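You will see chain A twice below: alongside chain B first, and alongside chain C after that.
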Partner chain A sequence: MSEELVIEEKRVFMTGNEVVAWAALAAGADIMYGYPITPQNEVMHYWSRLAPRYGKNFLQTEDELSAGFATAGGVMAGRKAFTATAGSGSVLMQEPMAMVEMMRLPTVTVVQQRGGPSTATVIYSQQEVALTTMGGNGEGMRVVYSTAGHQDLYDYTIKAFNSAWKYRFPAFVLGDGYQAKMREPLTIYEPEKRGITLLEPEPYVGREGKPGQDRPPAQYRNTYNLEEELYEKLMSDIRDFEKISAEIAEYESMHTEGAELVIIAHGIVFRAVGEAVSNLREQGLRVGGFRPVTLRPLPAAQIKDLVAGVKKILVVESAYGQMARLLKETACGAPCEIHTMFKPGVGIAAEEVEEKAKEILHSQ
Partner chain B sequence: MQIAPVMPKSWRVDNKPHKFCPGCGHGLILKCLGKAIDELEIQSRVIYGCDIGCSLLSWDFFNLDTVQAHHGRTTPVMTGIKRARPELLCIAYMGDGGGYSIGVQHLVGAAMRNEKITVIVANNTQYAMTGGQLAPTTLPGQKTETSPYGRDPGATGMPFQGAEMISAIAADGAYVARGSISHLAQLTGFLKKALKNQIDGHGFSFVEALSACPTNWRTDAAGTWEFIEKDMAGYFERGEIKVPGQKEATADA
Partner chain C sequence: MPETTRMVLAGEGGQGVQAIAEILAEAANEEGRQALYIPSFGVEQRGGVSVAFLQIGDHAIGSPKFLRGDVVAALSDRAVRRIAPYAGPETTFIYDSAMEGVADDLPRNAARVMPVPAMEVAKKEFQPRVYNMVIMGALIGATGIIPLDRAKTALEKKLGYKFEKRPQLRELNFRALERGMELGRGGMGGGLN
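Right, the complex of A and B next:
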């Protein structure tokens, strides 16, 4: 007999991967399919320990292709299914995710970025932004939440399930090795007690009744005969995605009003940026910070506003401009100066950001 | 007056005739599958998965809930569905390229774990949909678009014994057989037993069906028949290879 899941609202001190497992439970996830890769492993470790207690399932597949496609199967069967991966696993995950996008399947994928390419390091990076937002031979019809810490991991993992099932696009929680392995305090809670309604999953296949007699058969394909047929299908998805983009997009900003320089970062790098901004403010410098929480869709309106009203921008990331490219596309034509601080595959500290900001402010 | 051909009840009639080439083996295998589903009365519980390759032409073939997946990935999609909803009966239908080449590690993984799904591989000795290239199942000396001088086993190996491999790795409870479109009643029987194995929850079930691709073989009816019955039969033996509760069949048993 499985126990009923009760999550008392309380402060806890956990690693990020453990947080993800608890958040998936809190979100009502039914099954996880996964393949080992550092730094995501403990999501599976915690889930496979917790799952049977609460009548949930886990399957370790033969590779990430299988994990992604099995997750697609799980959601088609009408269950909240998820997977987690990183690095070279994220590369393999793109094939299933391309199909998932095409079929509008509400999968949830947690990505704990590590240094790439190839095996590279198993530690940390922000180098899976391009893959997670736009990987696959599709148009990037995905919802990507970039988390900046453990509370985010909890909140946005829960939200990812709801967004996926509400909009029927695949959702991603984009973390990294630091968040995965570090311990941090956070508050866990039952979403319903916080007024968050968890959406119920619905089956795509295997509904009641005899197909062809009681109901038409449910038939899903991702093959199209004509250019026009595919075009119509894609444009309809693209229009849906564009329509909901403003509603999904999230961001965080600090002191951007009247700032001379705004520092933009996503994920855990924004923690360093936030600290740098506070320090610079204390020194009387007009510096602000901006963090897109959703990298797909980007908070486009806010970014356009921001770049229209500020003289200088500094983009900071643990990648060689993967987020900057997305920003530049959105900010195209803005008159502001764009400065960059790219450190692919390594962590970024507040002091370095502060120093760079001062250098920019002092140069004319 | 035209008399409508007898079709399995689980087929959709509104979109027949089907989209396969005349003389194609896929239609025959799916007829046997349809009959097996009818006889077992499981239409309400089956989820039919087809692959990339000519099997994709069957995405709207049956009155069954259907998922058409990527090349070789039908196995994990069906595994995912089965693990999430064990009461459903999941069938992965693939070509030999999908099953034995690009998707072979999924097939091996599913067999090793004894996934309670049914995998059917249509062996037409080549990649048909892409225009007839060499496959793991191509016969020695057989000409394909990528072995224009005939398959040289020294360079590209011998025809892959998929069913025998599955039998070797699958646990007790698995069902493995090889049938052929040249023996439809036997093939229907194997498919029925494979599905029954899933219904009973014994384990993995696998049927390879020797199929025909007259379009890429460039054969007429007589040539097609001869290729299946003589050439293919020389490398791929029909019969049950693993049956739960029975001793494993050996090559010369």
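Right, the complex of A and C next:
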């Protein structure tokens, strides 16, 4: 007998991996498929401990390829299914995710970035941005939320399920090893009580009625014979994606109005930026901060506005320009100076950002 | 005290630095304050220096990573070498005075370098296994980062099931904690510079 899930709204103190497991429950996830890899292991541990209590399921597969395909199978059966991975696991995950993109399946994947390439470190990085946004042999028809801490992990994991099922593109929650392992407070809640309507999943296969008579036949393909046939299918998806991009895109900005320098970062690095911006403003310096919350699609209109009105930007990330490349594509043609602070695979402290910002401001 | 207190604790696996950091963080959170605790971890399963990073403050905590700690505490000679770089001009650097051969590795730029005879006190006055309680007490004593009763409540939450079975354990841990606080307040040892 399973219990009914009741999430009392309260402040809790836990690790990010535990937050993800609770958020998936709150989002009404039915099943997780996964294969162990640090630093996401405890997502599986917590989920597999919590899930049976509430009549939910867990399946450990033989690798990430299989975890990804099983997640695809789960959603085709009409279940809210998700997986979590990191590092080399994310690399393997691209093969199933490419199929998921092709078949427009609403999977949710949580990525807790670790150092790369290859095994590298089990600790932390922002080096899975390119992979998560544009991985696979496709056009990156994905929704990617980059979280900056535990409240985000909770909020955006819930949102990822809704976005996936609403738009029928795969959704990703892009965290990192710091967020996975650290403990900090957050408020958990039942989405419905906050006015968030959870979308009901529906099966792709095995539906009622006679195909072609009672309902359209279900045909989900990842194989096409003709170039033109593929082109037509892809352009239709691309148009859909472009149409919903502005609606999905999210960002956070602080003191960008009238700023001389705007520091751009995503995920946990934006917390260092936020701290640095507050300190710099206390010192009377006109510095602002901007954070794309969605890395795919990017908040393109806001980025274009931002770079058109500011003299200098500084891009900070724990990777060697993976987010900067996405930004530059959007900002192309803007007259502002672009400075960078790239520290691949290493955490970034507020003091370092502050120092770099001062160096830029004083070098005119 | 600065707005946010930053601590780095390091020791050998088994010395309990992660447990100490977690209990302090939990206690601060229970008080309604902001806290962020993150263990550093590598691929090694055992044998490495274990480091815990802890921040406690009244406003939302920024980056989990920082360059200088307000309090940096090392429980082993390897830990001294590993975390001495986190000491700066405003740092209180705490280390166990039972350690030998670390004089050259102690940070020279710290505001205060504070040897604490935690191991000696744990062995002579209690039992070696409450060493981490003495250390935790010393940290609380040196910083006033959380009130003693909050620390006790957090301990109760973590170890309550053990205390239920053997109430004398509760007494032992609490006394070690209080004794540690005395040490941390600078009643013994004092600073080097």
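Definition applied: the second predicted complex is superposed on the first by the 355 of 364 C-alpha atoms of A that agree within 3 Å, B and C clash if a C-alpha of one lies under 4 Å from a C-alpha of the other, contacts with A are read in each partner's own complex, and residues count from 1 in each chain.
Operating definition for what follows: a contact is a pair of C-beta atoms (placed from the backbone, for glycine too) under 8 Å apart; a residue touches a chain by one contact, two chains touch by 3 or more.
It should be emphasised that the depicted structure is a prediction, and the values quoted were computed from it without experimental measurement.
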item: Overlay on chain A: chain C relative to chain B, clash or fit; value: fit
item: Contacts of A:219 with chain B and chain C, given as first, second, both or neither; value: first
item: Partner chain(s) touched by A:250 [first = chain B, second = chain C, both, neither]; value: neither
item: Chain A residues touched - chain C or chain B, whichever exceeds; value: B
item: Partner chain(s) touched by A:79 [first = chain B, second = chain C, both, neither]; value: first
item: Partner chain(s) touched by A:96 [first = chain B, second = chain C, both, neither]; value: first
item: Chain B versus chain C as contact partner of A:13, first or second or both or neither; value: second
item: Contacts of A:274 with chain B and chain C, given as first, second, both or neither; value: second
item: Partner chain in contact with A:351 - chain B first, chain C second, else both or neither; value: second
item: Distance in angstrom between the closest Cα atoms of chain C and chain B, superposition on A; value: 26
item: Shared chain A surface residues [contacts with chain B and with chain C]; value: none
item: Of all residues in chain A, those that touch chain C in their complex; value: 11, 13, 121-123, 178, 181-185, 268-269, 271-272, 274-275, 347-352
item: For the chain A and chain B complex, residues of the former touching the latter; value: 30-31, 33, 57, 59, 61-63, 65-74, 76-79, 81, 95-96, 99, 203, 205-207, 209-213, 217-223
item: Residues on chain B engaged by chain A in the complex (per definition of touch); value: 10, 12, 43-45, 47, 52, 56, 59-60, 62-70, 73, 75-85, 88, 105-106, 108-109
item: In the complex with chain A, residue positions of chain C that touch it; value: 22, 25-26, 29, 34-43, 61-68
